[in-house]
Amino acid sequence: MTTPYTRLDKNNAAVLLVDHQAGLLSLVRDIDPDKFKNNVLALGDLAKYFNLPTILTTSFESGPNGPLVPELKEQFPEAPYIARPGQINAWDNEDFVKAVKATGKKQLIIAGVVTEVCVAFPALSALAEGFEVFIVTDASGTFNEITRNAAWERMAGAGAQLMTWFGVACELHRDWRNDVEGLGALFSNHIPDYRNLITSYTTLTAAK
Amino acid sequence: MTTPYTRLDKNNAAVLLVDHQAGLLSLVRDIDPDKFKNNVLALGDLAKYFNLPTILTTSFESGPNGPLVPELKEQFPEAPYIARPGQINAWDNEDFVKAVKATGKKQLIIAGVVTEVCVAFPALSALAEGFEVFIVTDASGTFNEITRNAAWERMAGAGAQLMTWFGVACELHRDWRNDVEGLGALFSNHIPDYRNLITSYTTLTAAK
Amino acid sequence: MTTPYTRLDKNNAAVLLVDHQAGLLSLVRDIDPDKFKNNVLALGDLAKYFNLPTILTTSFESGPNGPLVPELKEQFPEAPYIARPGQINAWDNEDFVKAVKATGKKQLIIAGVVTEVCVAFPALSALAEGFEVFIVTDASGTFNEITRNAAWERMAGAGAQLMTWFGVACELHRDWRNDVEGLGALFSNHIPDYRNLITSYTTLTAAK
Amino acid sequence: MTTPYTRLDKNNAAVLLVDHQAGLLSLVRDIDPDKFKNNVLALGDLAKYFNLPTILTTSFESGPNGPLVPELKEQFPEAPYIARPGQINAWDNEDFVKAVKATGKKQLIIAGVVTEVCVAFPALSALAEGFEVFIVTDASGTFNEITRNAAWERMAGAGAQLMTWFGVACELHRDWRNDVEGLGALFSNHIPDYRNLITSYTTLTAAK
Amino acid sequence: MTTPYTRLDKNNAAVLLVDHQAGLLSLVRDIDPDKFKNNVLALGDLAKYFNLPTILTTSFESGPNGPLVPELKEQFPEAPYIARPGQINAWDNEDFVKAVKATGKKQLIIAGVVTEVCVAFPALSALAEGFEVFIVTDASGTFNEITRNAAWERMAGAGAQLMTWFGVACELHRDWRNDVEGLGALFSNHIPDYRNLITSYTTLTAAK
Amino acid sequence: MTTPYTRLDKNNAAVLLVDHQAGLLSLVRDIDPDKFKNNVLALGDLAKYFNLPTILTTSFESGPNGPLVPELKEQFPEAPYIARPGQINAWDNEDFVKAVKATGKKQLIIAGVVTEVCVAFPALSALAEGFEVFIVTDASGTFNEITRNAAWERMAGAGAQLMTWFGVACELHRDWRNDVEGLGALFSNHIPDYRNLITSYTTLTAAK
Amino acid sequence: MTTPYTRLDKNNAAVLLVDHQAGLLSLVRDIDPDKFKNNVLALGDLAKYFNLPTILTTSFESGPNGPLVPELKEQFPEAPYIARPGQINAWDNEDFVKAVKATGKKQLIIAGVVTEVCVAFPALSALAEGFEVFIVTDASGTFNEITRNAAWERMAGAGAQLMTWFGVACELHRDWRNDVEGLGALFSNHIPDYRNLITSYTTLTAAK
Amino acid sequence: MTTPYTRLDKNNAAVLLVDHQAGLLSLVRDIDPDKFKNNVLALGDLAKYFNLPTILTTSFESGPNGPLVPELKEQFPEAPYIARPGQINAWDNEDFVKAVKATGKKQLIIAGVVTEVCVAFPALSALAEGFEVFIVTDASGTFNEITRNAAWERMAGAGAQLMTWFGVACELHRDWRNDVEGLGALFSNHIPDYRNLITSYTTLTAAK
């Protein structure tokens, strides 16, 4: 009845960013745009921070769906970038799957727009091929709570683990002592409350 | 622990529209009426677009439950139309089950009013007979979020996959290149944000 | 992975109403009191309508928890009524379990206050003894949505089916033709929108 | 398909309070602070009331995360207190696990901040080692409902039971007659509605 | 800057119930139907209880708007009943205004469906003619919160006082000693929490 | 203290549709897009139905703000159409003000995107010049509820009347007998619940 | 158009606590009970802290409304305590008005249960007699948001100033230097987030 | 009855940023922290963009309230910075008022934490001295919606205009042609949806 605890391992994980495109983002209404933008960039930052192989893909970016958001393009200038010519499920694109397999990782951290399609479809396909799949729920967006909840149910039912960017970062890092500064900076840049704690702390200890 | 990924196949799927009747619709309060109407018609449009065999059924339509909404009747003038004399679970009606089986399809896409009864009952019955069942959650409506959530839990627990009309369309279509115009029109007609993207795109590219 | 469809059968079902007491009701804040009262009385009415054996039980009714709400007492003057001297889980009370077993039914329809305790505990105990358990979610109340959701998850995870009074009535009745008047009256008395449909329908057809 | 009913037993349960620190609490935004503080202190009170072995742990308390909230420190002056030097998952800290195992209990009642990390990680680790895990959902807090729901899904999927402090208290106590005063005081101190019931009751009966 | 306190006076007040019709009620979505029905009937009951002259009016009741809800018709068999042949603003109907003026009262308590039309229009007209107008906000319903809030702003800006059925009852009654039983019964019949208080109180004091 | 009742008069009213542009619409998040689109088109339809002079205006439509939504352009092919070269407040554009004044009407019905700028600015300017201003709140959209509420407060404080498209239609029409079919069609096309009432009514009466 | 800024003055203000009774509190559902209890006690604490003359009153406390909550009784053992024999509007009770006037204060800080009756009625009466009235909105509770909003509108329209306990404390205190410890303690006891700030600050500065 | 339209004028406006301190920000719970941070920085950016004289002030910044957030300090290194020694209402601090008057501006744009105290108090004081006051509602935060709404009502009632940072920017700029790039950059940096529009537009037009 229980799923055994499959734990993210920074040496065995890759990140798939699916269809965070300027046009498609106008469809996302289950998370406030300020918060969603922050979450997506936080996920990008953590992928870089942990040196996780990262794969970018877009759907029809020359049409109304629009280009990949420039920030992600800039964060990952060397990453495999698969502009899919038409496949809705990124896993139906051979280049994409090749790129995934080329990473040699068994754990896939997936986020994208919209959740029930661009995230759920490759997640389900990857699960079917034996990958361990971790959904970054708060860096994935969709039309509303109904579409989100239905997507979560389907993915979790198929064995995906539902996570958030903060949980992913913590599970990958394991121990603050591996790098206090680095993880602190990641949190400070993307969690205003955490930044405030650090600001107050730093000010007070500097004042000693 | 996981459900294997059962993927919708346009050659193996049928659509069941259950009890979208003018009277019963006044009971639906878990989705705003403008949005719900749009979702139901979007599901009708996609069924036509993919040429999926579609079956209409109503419960007691000569009484207070009222007639099937005229738009659906017009969309599917040739579809099997089972006005059930009394069975609450459409699957208890032999003509309905015969019509379903006559399609020869193993995948059933179901939507209706109200979710925990008119959708859940035939969905559970179909699952029990070995069909693969896909619930179009956002084209199904009910009294409130408690009744919806209880119905989802029961159906998902029995093996139904919870989807939305947009996810169904995308999973059936597989690849934009199969028909960009057609899928684009479906989205443009039922997703205002998508229509706006297309309007802006078309205007700008036409202006070149 | 799937739970087989266990269908309510009016010849094999009993209703357990647990701790709907005047004092405890002030704890219920996940459903509006007008709606909750209506749901509980609707469940009482349907139990009577389908002649389901019904068992009443209370916890410490001479103390601050207060007496059973008088309406239920009046609806079921002959029902087994177990005023538990202290057991929090009604299933820990031998008289209660005896009364349940004396009904000879294998399907238990349970509602009560509060959901995560007075409903969940006997539901889990009954499941452990092999009963089929159906929770009437909307006639069960608790402190807030967190406590409700946690309770639902625990009960569904243990095999309980989450239902609502309307779904229970429909699944028990099976076919309107068994008694149109009776079921219509039940709905008219407890669903204002349904009553309005009937009022309009009756007025119009009477005017012919 | 079902999880068997594992019932909390006051002779076999320990409480783990993870990272309820003054700084981290500013991250909690899925529960109102007044209510959250009350829930955490209620859990502390019940741990004391039932004499459950209780273990306190903090993450980096000399930094911005801040010290353990003083109330908990005062409630459990003798409890094992593991100030983790860096491990994010408390279960990665040997002293913590030793302290847990030293209790000799097989049932772990866990609450903490934030839910998807400080609660979920040790919960999953403990499940993997065969412990029975009970999450006190309403004494655990996190950034928002998305992060909470994802954490719940992951923990429940791995076999944890989702509970609340009130449910835990009731399941441990079993029978009011074990101590009416004690349990009543616990509820009166942490449930304003319950206190009001007792106030009215006491006033009226005293007036006789 | 301030409106002087105009206090409801049971000797100078009349009640206008505008368009609570079976069809139109399906448009009301800013209040849950169970609660709304209760509020409307509570207003009817208080009008009877205080012997306030009451006027019923409907719009096009032979068409889709449907008949007046039968409960109101039964409560006020002798009341002036103006089935308007077409005027949307009831105040545009001479018979209605005549009936209002025939009461000789200067304070008008108005409720109806929908708020921004059937309530607001006659309220504004009555204010323009110098009446004191009290809106029973919770016995008036409309499409959603936007339409409600806009209507409230317009009416309050024109000098109407926004009240609720409970506030109206209390302001009319002035002193419990005028009739404890009567007012208590009104509250007990329409406020479940109040009924529970009375049940507990009565049970305890009877037990002395 | 009170604003006198200024009533819309179809012979003295003009409609101003401000910046309903394909790009800007992606900023609107205080109303669901399906509902918002419906409300805007309903307002367009009523302007046509009552033959109200209607003025279209856009801001920078060749840039990212995008073109006017095509449906409005098609509804009003002959209407004055002022593509403003830069003025944010439409009232700062002389052509716009000339077009408004050329209508000879004193009552201005205004809707647009976004509420606190494109609607509020010209509304405040028009009020300052002595026009009577009616805001169609539900055909105006903005970023969130905070921005909406602040805008409403500012406009109402300056004397604007807050209305909705339905209220505007009803206040202009005055009496159903002026044209039952026409008003009925407007409502049927834009209020699903009303359409359902008409469908049920028509079916039943046709069946006689 | 503007109300001049009337500022609370600790030498000219009295506090009226109206009907915070154990029974009536079960009616309050517009604020969570944990938070509401905290707000009421915070108001009591600030009244004591600023030595404001405070008047307690109850309605029918020997009946179902129940006794004043004991905490308030204990906080103000010497305060005038008017158990009203029947008047719903406390201002209709001569003893109450005498007690108010005996304070010699012109500024009245009022809170109570329920907002639209027990608070609004005496507030309106006091305004009519020329008092300056300040409503402590978050220490006043009622059935739901509709009843609250209607009450606020009526009171603000009559000239009452809507405040909160925190705002009242700050406006009375004026300058932290008047007593840092005292005000800090008040906030620490009733604002968990503030307490956490103080805990972190104290710990860090003590550690120097 | 109406407030005349007082329009922001970039040559006559100053910005007051009150108490956006790292500690106090943990009290803000009526706006999500990601969004709130963005709004405050957007206000800072617009103040710089329009070269508005800006005044910073803090309350007790050496204590638990914490330092001013560093971003604001960096944005305005030359601005008057009044660290108030104790006055809660910034207007009670002579240096602050002097700094305000030294700007020679009559229009004050105010934002701060928390709304009902740090914003409302100086706003009311400034109004009392004849300034025109514009509240940036979405760059001001407080405990919850009740405290926010009460503060808005009090400030609007005293003549303050409720605005948002976007509305302020638009009203100050007046005409896009004054600087398309500059205003566009401001919006692109702080409105993700606007940035996406610009990204899509730029990509498409660059592709020509």
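Letters A, B, C, D, E, F, G and H mark the chains in the order given here, with residues in each chain numbered from 1 onward.
Keep in mind that, in the parts below, a contact is a pair of C-beta atoms (placed from the backbone, for glycine too) under 8 Å apart; a residue touches a chain by one contact, two chains touch by 3 or more.
Computed from a predicted model, the values in this text were never measured in an experiment.
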Check: chain pair from C-F, C-D or C-E whose contacts match over half of those in A-D is C-D
The pair out of C-F and A-H sharing more C-beta contacts is A-H
The distance between the C-alpha centres of subunit F and subunit H, rounded to whole Å, is 31
Distance in whole angstrom between the CA centres of subunit D and subunit F is 54
Chain-centre distance (mean CA atoms) for subunit A and subunit G, in whole Å, is 48
Within subunit D, the set of residues that touch 2 or more other chains is 1-3, 23, 26, 32-33, 66, 144, 157, 191, 193, 196-197, 200-201
Within the complex, subunit E is touched by subunit G residues 1-3, 23, 26-27, 59-60, 63-66, 85-89, 92, 114, 116-117, 120-121, 124-125, 127-128, 143, 146-147, 149-151, 153-154, 157-159
Note: in the complex, subunit B contacts subunit F through residues 22-23, 25-26, 32-38, 62, 66-67, 69-70, 191-193, 195-197, 199-200, 203, 207
Note: in the complex, subunit F contacts subunit E through residues 1-5, 7, 31, 135, 137-138, 152, 156, 161-164, 166-167, 170-171, 173-178, 180, 184, 191, 193-194, 196-198, 200-201
Touching subunit A in the complex, subunit G uses residues 197, 200-201, 204-205, 208
